[in-house]
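We just call them A, B and C in the order they show up, numbering each chain from 1.
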Amino acid sequence: MAFIFDHVSYTYQPGTTYAVDALSDVSFQIKDGDSVGIIGHTGSGKSTLIQHMNALLLPTKGTVYYNGQDISDKDFNKSVLRSEVGMVFQYPENQLFEETVMKDVCFGPKNQGLSEKEATLRAYEALKLVNFPDDSFDQSPFSLSGGEQRRAAIAGVLAMKPKTLILDEPCAGLDPAGRNELLSLIRRMNEEEGITIIFVSHSMDDVAETVKRVIVMDEGRLFMDGDPHQVFSHEKELEEISLSVPPVTSLIDRLIENGFFKGMEKKEGYTVTTAKEACELICSEISR
Amino acid sequence: MKELARKRDEDLIIKGRGLTTEYFRRDDEGNVESIDTALDHIDISIIKGRFIGIIGHNGCGKSTLAKNINALITPSEGSLTVCGMDVYDEESRMKIRSMAGMVFQNPDNQIVSSIVEEDCAFGPENLGIPSQEIRERVDRALSSVGMFEKRRNSPEHLSGGQKQRVAVAGVLSMEPECIIFDESTAMLDPEGRQDVLNLAHELNEKKGVTVLWITHYMEELTGADHIFVMDNGRIVMEGAPREIFARDEELVQHGLTLPGITLLSRLLKENGIPLRGVSLSVDELYEELMALW
Amino acid sequence: MFRNITLGQYYPAESVLHVLDPRVKLFGALVWIISIFLMDGLFSFLLATGFLMFLIIISKVPFSFMVRGLRSIMIIVIIASVFNIFFTPGNTLVEAGPLKITDKGIINAVLMAIRMFYLIIGTSLMTLTTTPNNLTDGLSRSLSPLEKLRVPVTDIAMMMTIALRFIPILIEETNKIMKAQMARGADFEHGGLIKKAKNMVPLLVPLFVSAFRRANDLALAMEARCYSSGKKRTKLNPLKYARRDAIAYIIILLFLAGLILMKIFL
């Protein structure tokens, strides 16, 4: 069990007039190898939540366990946690600072105490993993295109060989091609490398095609938790917290509700999230 | 194109012929190392009062086009008139900038003042407009973007969508004929994105402001009157949304993706379901499918 | 880490001091600084104290809020006082090795502490009751005669406005980058001075890059909105004197005159 959140609450600036409850009474578990999407609109507590997974924030109430250890414990080794849980922040290219991409990617592994040689090896592997073009390894990270910068930054985190990778809005600002490439990279890291993925986004579409489980946050509370099909079948509830399901899902829901599919009523836990699934469903109905 | 031919030049708010922008990359000694052609002999005509979509992947030249229209850069070659003024004419540059205002991508990096109404006044202040009139313009602009209540606030505590509304008000206060939204939704959450898009449509419909909506999200262009697709510094496709969205293979070649609903209607057609054409919205496809049944 | 400093902060309230023209308050602050040097007798101290108390009361800013801002200054005041106690010649009261405490030393230390507190409270009254933007306006208008000497006062005012807008953004950015690098194992807390400075590189480089990018974006956005440096600009809310400003000027001048008279005749 990678993470256990046990009745976790977090308050910014507690005891002052500026006190804000960012998380209240959140409980859930994340297993090794999971791929989890966390969605919610701006200010729903997503960012606060993931910062607990890296011990950048500690709960004001409740407990967060990492591999069975309480992260608030005095003896808890934060640097082990941070090297095992990689964090890709929003616009991660803003953290690039070295003269070359290679050196920048080496920064993490070196901080983990690896030798120059080992770090370079790790960096090489990581850059390969994100499909970074070979001939740009020694370029200045500031001369790259936006999409390349983003991949270099993600490689900088991957080079630390994290068991869990947290990505906060990784697709923000990318064009469709960049986005597709990144989403497939995330899937590959989970399926082939076995890395636990925690993917924060406010785009339902991105989440629907990438992860196996979705956690919905609203006003600091855990609003829903389940596989994408289950979660997106609650269109009405999601709309109430101003989240909209992918348009395709919404179309199929309306068709079901109005009796387009014979003998199929709207069922809890059944829905369609991608155009391909929707096409199959409609075609099979019409050919009947 | 036929329609354009009938239109007289006065109806064109933007007219470019052979418009070219080249960026010179120089080495340390100032010798030209390479030339990037950001815009490659573009012909573009935009009719007053329209909602125009300009789409293309990152680096296709769409922002360079916007900067040309706003007279922030001068073309390397070709002609360009905006609101009847020549962009090469030094004297008209300020006038062009006030007539074709621009809303940028990053909401934080375009708000100048730490008070909403003072930011909104920035343009008119630069134009030397008397205080009394600035007051009237600012109040009007803030009301039409729905931010009048927040006029004394600091932009710091506004959401991304609200900041972009303030930026739009800052352009409106210069009383432009045309507003260019240069990827103004790229950094917003879905709510803010919809919010700013709706605002642009509202300004277009109610105030007759010509809108140039630059984006890489196809789904934002379903309500546009006319779409230009750009790639490699050229305009590669042009037409009404329905025509453009129907040419999905070409779009993919240019690094774009179809919105989910359009994609679904394409897949259905491929599978022999008799739909009329591509669908642009959930409502449209829903009605068509229900009618089939 | 920047939240505890109330010095230079604005406290929103509705008081006479809040609505005064910023130029009056700037003048008042200047007079107050001068008066600190003028007061040396008991009566001038009483006059100044009375005047300060009067201002604090009409400002409607809670005294506790002002004092909170003083905490960070406390250390400086204490150090300065200690130096005064030990290093002022006079009649020795207590002696311990090379250190002597004299009667004059104690008086000096007390006077010094009072002066510093008065200086800080008086000037922070100005910032507490004036929005930074208003203060910028006042400053640029007060300095506008310098334009004849080719000092680019409007540009400087513009720079101050932008600084006010971007300081909070850059502070937030600093925190973000710090967290991102900490997540990559960077250490900003441990090690000696040189090591610490070296560890700052991963923070400072991205911060500068981002600041330059923002500056670039902003310059473009400003140009797109017809800004050009050195050009005459109009204002949305031009500063205008009201009757209360004239009264305030008179009160300030009377106070100054009172202090000068005391200095001469008492």
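Convention: a residue touches a chain if its C-beta (ideal position, glycine included) is under 8 Å from a C-beta of that chain, and two chains touch if they have at least 3 such contacts.
What you are looking at is a predicted structure, and each value in this text was computed from that prediction instead of being measured.
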Does the chain-touch network form a line, ring, star, complete graph or other? complete
The larger set of C-beta contacts, choosing between A-C and A-B, lies at A-B
Distance between the centres, which are taken as Cα means, of chain C and chain A, whole angstrom: 44
Centroid from C-alpha atoms only, then distance chain A to chain B, rounded to Å. What do you get? 31
Where on chain C does chain B make contact in their complex? 131-133, 161-162, 164-165, 168-169, 213-214, 217-218, 220-228, 231-238
Sort out for me which residues of chain A touch chain B in the complex. 41-42, 145-147, 172-178, 180, 202-203, 205, 242, 244, 246-248, 250-251, 254-255, 258, 260, 274-276, 278-279, 282-283, 286
Which part of chain B faces chain A closely enough to touch in the complex? 57-59, 159-160, 186-187, 189-192, 216-218, 255-257, 259-261, 263-264, 267-268, 271, 273, 282, 285-286, 289-290, 292-293
Residue ranges of chain A touching chain C (in the complex, touch as defined): 13, 51, 54, 56, 79, 82-83, 86-87, 89, 92, 94-97, 107-108, 111-112, 142, 156-157, 160
Contact set on chain C toward chain A in their complex: 3, 173, 176-177, 179-187, 201-202, 205-206, 209-210
